[in-house]
């Protein structure tokens, strides 16, 4: 488990601080689906990893959508008759409904109220609201703030601009030995919200940094991209690249203290689904594996029926299910250094499985080869079953060209790391040969593969001949 | 859910009374597998719905069987030496073993006893017995009646006829837009037994009545038919029509107070099996889905291996498992108006699912279409997942030409009604096109369909590409 | 259930005594993977059943292995300075590490100790150790014996020979009507260990004896063979015979008081897997069905990927999991006559299922045939469901050429014996015709067969050969 092992050898405390520190740097920026907030964010990522920035002009058609206007904001406030800023964008960028059209007026509280949003159950928190595809304006404030407003005239100002401009996203492409790709995607359109999604952004940046220094089987692509319109635009412009995506993972809400949730791809039995489930089971406590649903983050687009890419979604808390979700309470205290490190480790474990998950053919398929004279067998006939020997026997037994190491892992119940080490030893001993991608692809077209509807089934799957 | 909705708008109390009232009208008639009791019954059905009556002469070969003699009965009694009718067919038609050969004799109790049948555990109830395919005679009486018989000579009379005649059944055919058929079948051969099967008969008659006034996708055929020999005769004479049966349901014992039981077709994963399970789950408390068994009612013939029609069986109590089964206690009190209404509603729900269960193709399969500008998306980015939007996303995501709305229902866990409404809206918005029957049939020949061994699997099955 | 029935009619007490008595006769012999101990053992088996003995010269290559040297031993001891044999091979053959090279020397205890093996947790027991593929020598003794050894000089003698010779195994082939084979295999290489594997050896010998007097559908082959190298050598020399193995069973550790364990073949859904599971459920208490693993006994070779034979393993206690395993406590008291009889009965039940598990075609597939006029139906329409009629309806309903009787058993939940009897009656009545092996083989090529991944599924789908 090369990458995971490397991470384990780093100073864990420092790593956590770095991950959290990067999130903290990004926190104050007022991001939206377009505009300078994203540009500033991408520039900060670019200072750490190679990042190609794409700008798509407003109005460009991307599938069924058009790239929206660019939104930028300088200031916003609600001022009391006494001249006091009772709601102030400078204090927290959540105070403005994201994508608000400009406004400057004076109006009585009664007229202002329909534009004010609060969370009565959490009277100290400020909600996060957006109005992307309908021109409107509004303010978010704590319920206590609202309660304190006297019935009088207020000066209302949103000094924003909505105009021709661009949709901006960043892409870090790390070429590997194969043009087949592993895709990581995280949305960068949220303003000062830490778990959703500075957590994903920070972990993805560090993961890309670590991978950029390695010799890799797959090519890796990291998308730092606004939600919904971002992946739609990317897919519209990169249909060829999309064809190369062999595995993918959306990263979101991975910094809080919840156990992990992995939402499967639409396929439900893709290699990424098996790999993520296995790694989470190995590395974390009580992970939960969720079935695919068509609502969520970028996987909505990657898993649309025309693409149906094998892209799952890794989360700690699931969006919409925790009270802090889309409120000012999703702040830098809500995400913790060690939780970010844990998420990075899970990503690394998944990368290791994907990198190492080859399919082999046992070159001595008739009876067992004599492991003893190759130093691969405990010489004493003691009946003690050594885990390593067990792993070797599993690899030999199932390496018939139709079972990947992950398949063997699933069927045997042995950890992938042990299976992978066993395969390396057996390969070195001349007992295995790797099955080429071509052979694999041919095989993957067979009924046996298609009927596998979940990993444990896939493991033992129709493969027996 | 068009038909179910229409029923919901009727006066429920009156509907229940009508259903029970029709059963009450039919109750006194002495039916058997042949004879005037059936003719009289069919005539009463014919006064409510269009019914074609078929008469098949005694001796006609139908597959491995021959149409039996016609049985009719005028009177029957056991008379005491004092001239009192101690057992009297006029009081209850269960008193005669159904299909008894004529007899008129005087004999001591000892000689009579082998011809007498009682239920010692329920000393007040009269059992129901038949002797169809072996010429014999007998009387059924309560155990208390038997105990009261003194040891003396009795005059025994069964004034019946067994002779050349006909097998009679009725058929209500309602042509729809397609010649593909939905078959409803209920046996009409039982005398004064209410749940088994005046309940089925009454509900089927009302269902046919309601459907006869509608524009329908499928053609509907209702069989009112004697058990065993009836469906055998019908299948022997209607092999072509049998080929058109796409879905079928046997209705029996649906008036008592038990929760529903649905027994699957031999196929086990037919559309009717999924539809019935879904509707029962939506509309009723604690329904139970039973695996197919080759014993039962008309489904025994429809699901014989040569036909293997997708025909299931809807019941409340399962035949043979309730004490009143085949006794005089299965009377008009044992079935209740509201239970009959409930059964009619379930049938209507199933019809609605079958009628509406089309397969669509998403015309914007690459990424999501922009629902918002079509008024199909809640405009606020609040993260609240509205059930209707969720249903629309599911329909769009799985409408790849390989998933019917019922498949989408199963995989999503969303109610069929919501899925169906979502599809209607999306269709109206030009986002879907229906897959033609031809395309569907081609598709249904693929591996994907064949491997589906149960509905939940079918839902998600290997079908994703 | 012909064979099981015959066994049931034998004197059970005597049968148990005979089975245990044969194990007792074999117990004292010092067996190893080669040498006279095996020859003597095979000769004793040969006195009871026809047995062909094969001798393969040392050095012969068999796949990746070479036949090892032949090992024979006359005597071995450790003698105290006082001339007393403190460890004596004549008292128990476990005292010598099996396959020890000759040695004759005098040495201090400190030098001797690395060659001594004990079980501290069971201070009275002598362990069983081997050193097959690494030339070495050693003694096994009780921990109490070791503790009693004074620190002085000992005369050490192992009067063994390791030289050119042969590997010896025995084979009992019982030709049946088909050249398709059922393979039973048991290892004969263990010295005085009763459960592992004189139990298997005795039961196999008696089973072969019983089968040798019968007219059989399949040919049967019993292998009495040293572990690992034995099946490797047999497979290397009998690749054609291996192609004929339709079902196989390794017998080991079947004499102790544990409930049964059946370890599935690598295929996991082979007919033998279903048959063994069904018979164990019918005949024994709380059997456990284990998934295939590549570690174990001869099945390791039979289930290597090049062969992938449908061979499972029948055990009571699982090797390595009971304290007596590979110790002197695995003695003649550890196995009991009635346990050996029980194992023989299970084997007989499995043989009966395999022999009788044919596939039929219902000759009246359209509707039910009229069972009544053939005396195959209870004539009273009482609703009582007789188990025999139920079995007949199941056989008729599923005999479409794609379901074997075992498939019908699995799907119906009815005992195989009832299903088999029903089929016999229906066949006699002209209602069924057997599907020929050719037809079956063609059928087994269909998708339906390939997708079956476990027996209950297999039941409805048809399956593995």
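Letters A, B and C mark the chains as written, and numbering starts fresh at 1 in each.
As a working rule, contacts are C-beta pairs under 8 Å (C-beta built on N, C-alpha and C of every residue); 3 or more make two chains touch, one makes a residue touch a chain.
Computed from a predicted structure; not experimentally measured.
*Asks:* To test your reading of the model: what rotation angle superimposes subunit A on subunit C by C-alpha positions, in degrees to the nearest 5?
*Replies:* Between subunit A and subunit C the superposing rotation measures out at 120 degrees.
*Asks:* I want to confirm something about subunit A and subunit B. Since they are copies of the same sequence, is their interface symmetric in residue numbering (over half shared, so same) or not (under half, so different)?
*Replies:* Different: when the shared numbers are divided by all numbers used, the fraction is under half.
*Asks:* Roughly how far is subunit A from subunit B, centre to centre by C-alpha average, rounded to an integer in Å?
*Replies:* Those two chain centres are 52 Å apart.
*Asks:* Please output the residue numbers of subunit B that touch at least 2 other chains, ranges allowed.
*Replies:* Touching at least two other chains: 447, 451.
*Asks:* If we count contacts the way the header does, which residues on subunit A are in touch with subunit C in the complex?
*Replies:* Answer in residue numbers: 362, 364-370, 372-373, 379-385, 389-390, 393-394, 396-400, 412, 447-448, 451, 457, 460-462, 464-465.
*Asks:* Considering only the defined contacts, which subunit B positions touch subunit C in the complex?
*Replies:* Result: residues 63-65, 98, 129-134, 228, 231-232, 235-236, 266, 268, 293-295, 300-301, 303-308, 319-320, 325-326, 447, 450-451, 453 of subunit B touch subunit C.
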